[in-house]
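Below, each structure is written out as C-alpha cells.
Each of the two complexes below includes subunit A, the first together with subunit B, the second together with subunit C.
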Partner chain A sequence: MHSGHASSAFPRDDRAGGRAALTHHTPSGTRDVLPDEMRELRAITDAVRHTFEARGYGEIYTPALEYEHVLARGEAHAADPAYRLFDEQGDVLVLRSDMTIPIARVVANRYENAPTPLRFCYVAHAYRSVRPKRGEAREMLQAGIELVGAPAPIGTAEAITVLCETLAAAGLESFRIGLGDAALFPALLQALGVDEVGTSAVLEKLAQRDFVGLSHVLTALSIPAEDAERVQGVAQRRGGPEVLAPGDGVLAEAARGLRDVHELLDRDVAERVIFDLGLTQRLGYYTGAVFEVYDAALGAPIGSGGRYDDLLGRFGRSLPAVGWALNVERLHLAAAAEKERRAWA
Partner chain B sequence: MHSGHASSAFPRDDRAGGRAALTHHTPSGTRDVLPDEMRELRAITDAVRHTFEARGYGEIYTPALEYEHVLARGEAHAADPAYRLFDEQGDVLVLRSDMTIPIARVVANRYENAPTPLRFCYVAHAYRSVRPKRGEAREMLQAGIELVGAPAPIGTAEAITVLCETLAAAGLESFRIGLGDAALFPALLQALGVDEVGTSAVLEKLAQRDFVGLSHVLTALSIPAEDAERVQGVAQRRGGPEVLAPGDGVLAEAARGLRDVHELLDRDVAERVIFDLGLTQRLGYYTGAVFEVYDAALGAPIGSGGRYDDLLGRFGRSLPAVGWALNVERLHLAAAAEKERRAWA
Partner chain C sequence: MGLKGLTFAVPRGAMLTDVLDLLDSIGTDTSEVRANDRKLLFADVGIVTMRPSDVPTYVEAGAADLGITGKDVLAEQSERDVYELADLGFGACTMVFATVAGEDPAAEALRRFGVMRIATKYPKIATRHFAATGRQTEIVEVKGSVELAPLTGLVEGIVDLTATGTTLRENGLVVREEILGSTARLIANPVAHKLKAAAIDDVMERVREC
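Now for the complex of A and B:
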C-alpha cells in the first residue's frame, strides 16, 4: 500500500506540484487525509495514547487559538506572525505552534497548588508558517508528553524512556534517539567571549545541521583559530559514550549531565541513544538536555524534545520540566516503511 | 462529578466571568480540557467513531485552514471574516466553520469517478466567531457524517438512522430528532409573492425560533393578514404525523417529502422524530429535509443537519447529499446529565 519512497507515499497538496487537474486546492503545506490513511493514523494515535495512559500521563486539549501575548511570553518566536488574526475585541490571536507553551500556561492556571510531578500528554494539531515549494507542513498532528516538576537527570530519563516505549508501540524498531545539551554551545561561546549576535549565528547553523556554514561563521568570529576549530570539533562529536570523554569547564559539565541521564536508562533504552554534542533546538526555551528521534526509514527527524526548566516560571509557577513531541504523520510513514522493509527481508 | 446544571459543568473561560484570579487566559469562547474530562470525551468519540465505521462511514480529515474562495463557493457565510488571515503568497485563508464544505471539495477533487453512495465521517474542530459575553463557543469539536450520492428519501432515512445509533452509542436515551424542510418557507413565501429581502427576514426569525419577531416581520410584509396568519401557523406546527395533515401546494409537497422519509424509518427511530414545519437552518446550503437533535437534559440543540443537494455541484460533481454534525461537548454534557438523573431515579 505504501511506496518504498516513504516521504512521497501521501503527497502534500501543492499548487506547484503535479496536481494541476484539481480545481479546488487546500492551502499549500496542508492536505486532505482520506479514510485508508486515516484508519492507520488512528491506529497509531490510539497505540500512542495507550502508552501515555499506562505511564500515568493525562491527556490535555488546549484551544488551537491563543492570545499572542501568552505565546510570546513563553518564547518570542512561538507567536508565528503568519497566523495572526484579530478577535471581536481587537485582541491578537495566533494559532499555536506547539503544545508546550499552552500546557505551561495550563499548569500555572489550573494546577497552581497541585503536587508534582505532573504528567500530561496530548494528540493535537500545531501550525507553522511555511516557505513556498519546500513541501513543508503548515499543519502538523503532534503527539507528545510534558513532565512537569521532575528535574534532571531523573525526569529526562523518564521522558526518554516513555519516548522509546511510544515509538515501539507505534510499530517502530530501528529508531535512535540523538541526545545533546542545549546549554552547551551558549556556555562554550560565552566562555570564549563571543557576543549575542555571534552566538545566535552559530546556533542557527547548528540547528540547520549546516557544518560548512558553521565553519564560515566561526571563522568570522573574533576568536583564535584554534578555539574556532575546537568549537567546530565539539559540534561534530556524535556517537557512543566515548564522545563524552573528559574535557574541561562547560564541556565537562555538559558531558557529566548527559552521562547522568544515560546511567538512569534501562539497557534497551540506553542502547537507542546516540550522543550528539552539536544537537540544539530552534525554539529558545530549552535549557538542558535536548533530543531528537531518527528512523533509518525516514530522512527527517520524527520528533524532538528537551528540558525547559525556565519556561513554567514565566507563567507563575517555577518548576523544572521536560517534554517531547512526535510528528504523527512522519511516525506513520516510518512505521509503514519499516513494515514494508521487513516484509521484503 | 458533573453538576446538575449541565451547561455549567465545564465553565468556558471568559474574561468577564468569575475567573479573575487567572493571569493567562485562553481567548474568549475557548477553554482548556483537562484529563478527567478529556478521558470522557475520548470515550464518547471512540464510541461514535465505532458506530460510523460499523455503518461503513470512512473518516476524513481536512485542513483546519481553507482558501477563503473555496469555502465561499460552498456558502457565502461559511468563510467567517473573523478568522481570515493571509498566507506567504498573499492568499486569504480562513478557519473552517464546518466540515460539510471541505468534504464536498474532497469529493470533487479525490472521488471524481468513484461509485456512489460515498460515506464519510469526521471528528474534528470547527471555528465560529462569537459575540462577547454570550458564552458561545469559538472552537467546537464536531462529530458527523456526510452521505453523498443518496437522494431523498432513502438517504435522509439512513442519515437519521445512523444519527440515532450514534446518540445511543454516546449514552443518550432521552433524545428527540426535530424534522422539517428547509425548502418549505422559501417556497411558501415565493407563492405569496414575497421578495428576497422579506424572505430572508422571515428565515432569520425562524432560525432564531423567535415567533414574536416572526409575527412582526410577517405583519410588515405586503401580504393579506390571513396569509400572514397562515404562515405563522405553519411555522408553529410541531408534533407527530398529524402536523403533516393534508394541505395544498408547497405545504402538501413538503409534508409528502417528510412522510416519505418517516415511512422508511424503523419503528424505534421513527418514534424519536418530532415533525417541525418551522425548522430551518442558518446555513444557506440546505435544500430539503433538515433536522436538529434535542435532549431533555440540555437546553440547546446537540447537533443538526440536513440535505444539501446543490452543494456538491458547485465543486464540480453534482450529487444529492445529506449529513449532520453533533457538538461533542454538548453530547458529553447531555450524556453526563442523563446518567446523573438515572442514578437519582
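Now for the complex of A and C:
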C-alpha cells in the first residue's frame, strides 16, 4: 500500500507540511542574509568603516528613495533604474542606483559654503536591474567614499590610497587597481575629427568590451587606416608604466595625467596599479581618471570609481570630485577565495 | 597549467578540430584532447572542453581565462561580461530566417493575423531581429531539430544557424533573410584580461601570426 502523499501522482494543494506551502520568495535579485554570513559581512564592514574613520571620512546616510528628476539631473542612466514607484502625490520615485549622485545632491544642498575638501563615506544599499548571479544582486551593499573639492592629481591619489587601505583592511592581499582615463577616447577621436555619432559608437563597443566590433566600427569611420589601427591598439594597452610610453598630443596628455597620479602614490600603493588605457566606465558622469578593482581569486571586478568633476555643478556647487564604491558581497567572496588559495599553497 | 598558465575553454562539436589545430600552432599540445572524446578536463595542458554555448558561462565566471566560441553564441548571450578579443575566421555560418518554399507563409500570417510564429533555439537573436524590423512574432523555443517545426504547422518560420544550407534545402525550406554572419571568436575573462595581460597578449600575437 502507498501512503500517497508527497509521491502522489495527483498534485494536491493542501499537502500538509509540504515545502511548497512554506516557500515565500523574495523578489528576484534580493535575498535574506542569515547570522553566519551576517557575522562575516559585519566583520568586513566594521574594518572598512574603521579605515574610513581613521582617514577622516564621515559616514553619510541618504534615503534609498529619491525623486526621479533629481537623479536624472546627475546622469541620464540613473533615471532608468530597476525600481520605480509613485508616492501619494503622484510624484515618480526611484530606488537609487548608486550613492554618488545622492551625495552630490547633499553637498549642493547642505554644504553650500562649507570649506573644502569634504570627505564622505557610506556603507549602503544601491539598486540596479542586473541579471542576478553570484556576487551580483539587484539590491547590493556598497562601501565607498566621495572626496569633494580635491582636484586631480592629489585628490585621485588620496582616493586610490584609501582604496588600497580599505581592501587590505577587508583581508585581501592579491588585489590590483586598474587605472585609466575616461576622457582619453573622446579626446582621441575628437582630435581625429570623428563626429559625435562615430564617437558614441566607439565608446559603446569599448563599454561592451568588444574589440572585434570596435575594429569594425573604426574601419567604417572615415579616418586613415593607420589611425584606426592606432586607436585599436590604445584600447588594448594595459600593464606597468611602460604603457605610458611616449605618445603625442592627446595620448601624451592622458599619460601625463596618469603619471602625475602615480608619482604621488606611496610605493606599496603604486605597485598595485595596472595602467589600462582602454578602461571606460559605464556611468556617464566620469570626466578623468577611472579605476576598477580586481582580485586574482575572483572572476569579476570588486569595485570601481573615478573622477567626476562636472557632476556637482549640475546640482549647484561646482567642485571637482573623485570617489569609488566596493561591492561588499564580492569583497566577501574574494576574501574567502583568497583564504582558500592560501590554504592550498 | 597550460600555455603561459592560462586555462582555455574549448568547444566540443563542429569547431573542435579547427580550435585544436589553432591551439597546436600557438604552442599547446592537444594530442590528449584529440585522443579522448569523453574526458572533459585536461589540467596538464590547461584545456577544459564543453558545449559551445557553455563557453561564455565558464569564461565570465573566471573558471577559464580564455575561451573560443561562435559569434552566434555570444550574440544570444549578449549580457555576458567577457572581452571579445579576436575574430578567428573559422567556423563560418549564418543566422537566417527561413520558411517553406513557395509563397511565404510567414508574410501571409503577418498580413492576416498580425503575428507570425517563429521556432528557434536562439530566442534573443530572433526577438531582437523581428523587433528591429517592426514585426510581431510569437517565439517558440525548441531544443531539437528546428526544421521540423514549420513542416508540422507548429510555426510559419524558423530562425536558425546554417553553414551550407543543405539541411534547410533537404527539408524544403528557403532562406528569406540573413540575420547575422558568425565566425569563431576568442573571448577573455575581464579580470584575467588585466591580471594576465602579458600572457593573453602573447596568445593574441601568436593567433595573429597563424
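Everything that follows uses one rule, which is that the second predicted complex is superposed on the first by the 314 of 345 C-alpha atoms of A that agree within 3 Å, B and C clash if a C-alpha of one lies under 4 Å from a C-alpha of the other, contacts with A are read in each partner's own complex, and residues count from 1 in each chain.
FYI, contacts are C-beta pairs under 8 Å (C-beta built on N, C-alpha and C of every residue); 3 or more make two chains touch, one makes a residue touch a chain.
Being a predicted model, the structure only gives us computed values, none of them experimental.
**Q** Between subunit B and subunit C, which one contacts more residues of subunit A in the superposed model?
**A** B
**Q** If we overlay the two complexes on their shared chain A, which of subunit B and subunit C does A:Thr26 touch? Say first, second, both or neither.
**A** Only subunit B is touched by A:Thr26; subunit C is not.
**Q** May I ask you to decide whether A:Asp87 touches subunit B, subunit C, both, or neither, giving the answer as first, second, both or neither?
**A** After superposition on chain A, A:Asp87 lies in contact with subunit B alone.
**Q** Report for A:Ala345: first if it touches subunit B alone, second if subunit C alone, otherwise both or neither.
**A** It touches nothing on subunit B or subunit C.
**Q** Just subunit B (first), just subunit C (second), both, or neither: which does A:Arg131 touch?
**A** both
**Q** Figure out whether A:Ile274 sits in contact with subunit B (first) or subunit C (second), or with both, or with neither.
**A** A:Ile274 sits against subunit C, while subunit B stays out of touch.
**Q** Touch test for A:Arg73: subunit B only (first), subunit C only (second), both, or neither?
**A** After superposition on chain A, A:Arg73 lies in contact with subunit B alone.
**Q** Quick check on the output: what are the common subunit A residues between the subunit B footprint and the subunit C footprint?
**A** 131
**Q** Along subunit B, where are the residues that touch subunit A in the complex?
**A** So the residues of subunit B in touch with subunit A come to 22-28, 30-36, 38-39, 41-42, 49, 58-67, 70, 73, 82-85, 87-89, 91, 93, 102, 105-106, 108-110, 120, 125, 127, 129-132, 138-139, 315-316.
**Q** Please output the residues of subunit C touching subunit A within their complex, sorted ascending.
**A** 60-63, 79, 81-87, 185, 189-195, 197-198, 201
**Q** Which positions of subunit A touch subunit C when the two form their complex?
**A** 131, 134, 176, 178, 208-213, 236, 238-239, 274, 276, 292, 294-296, 298-301
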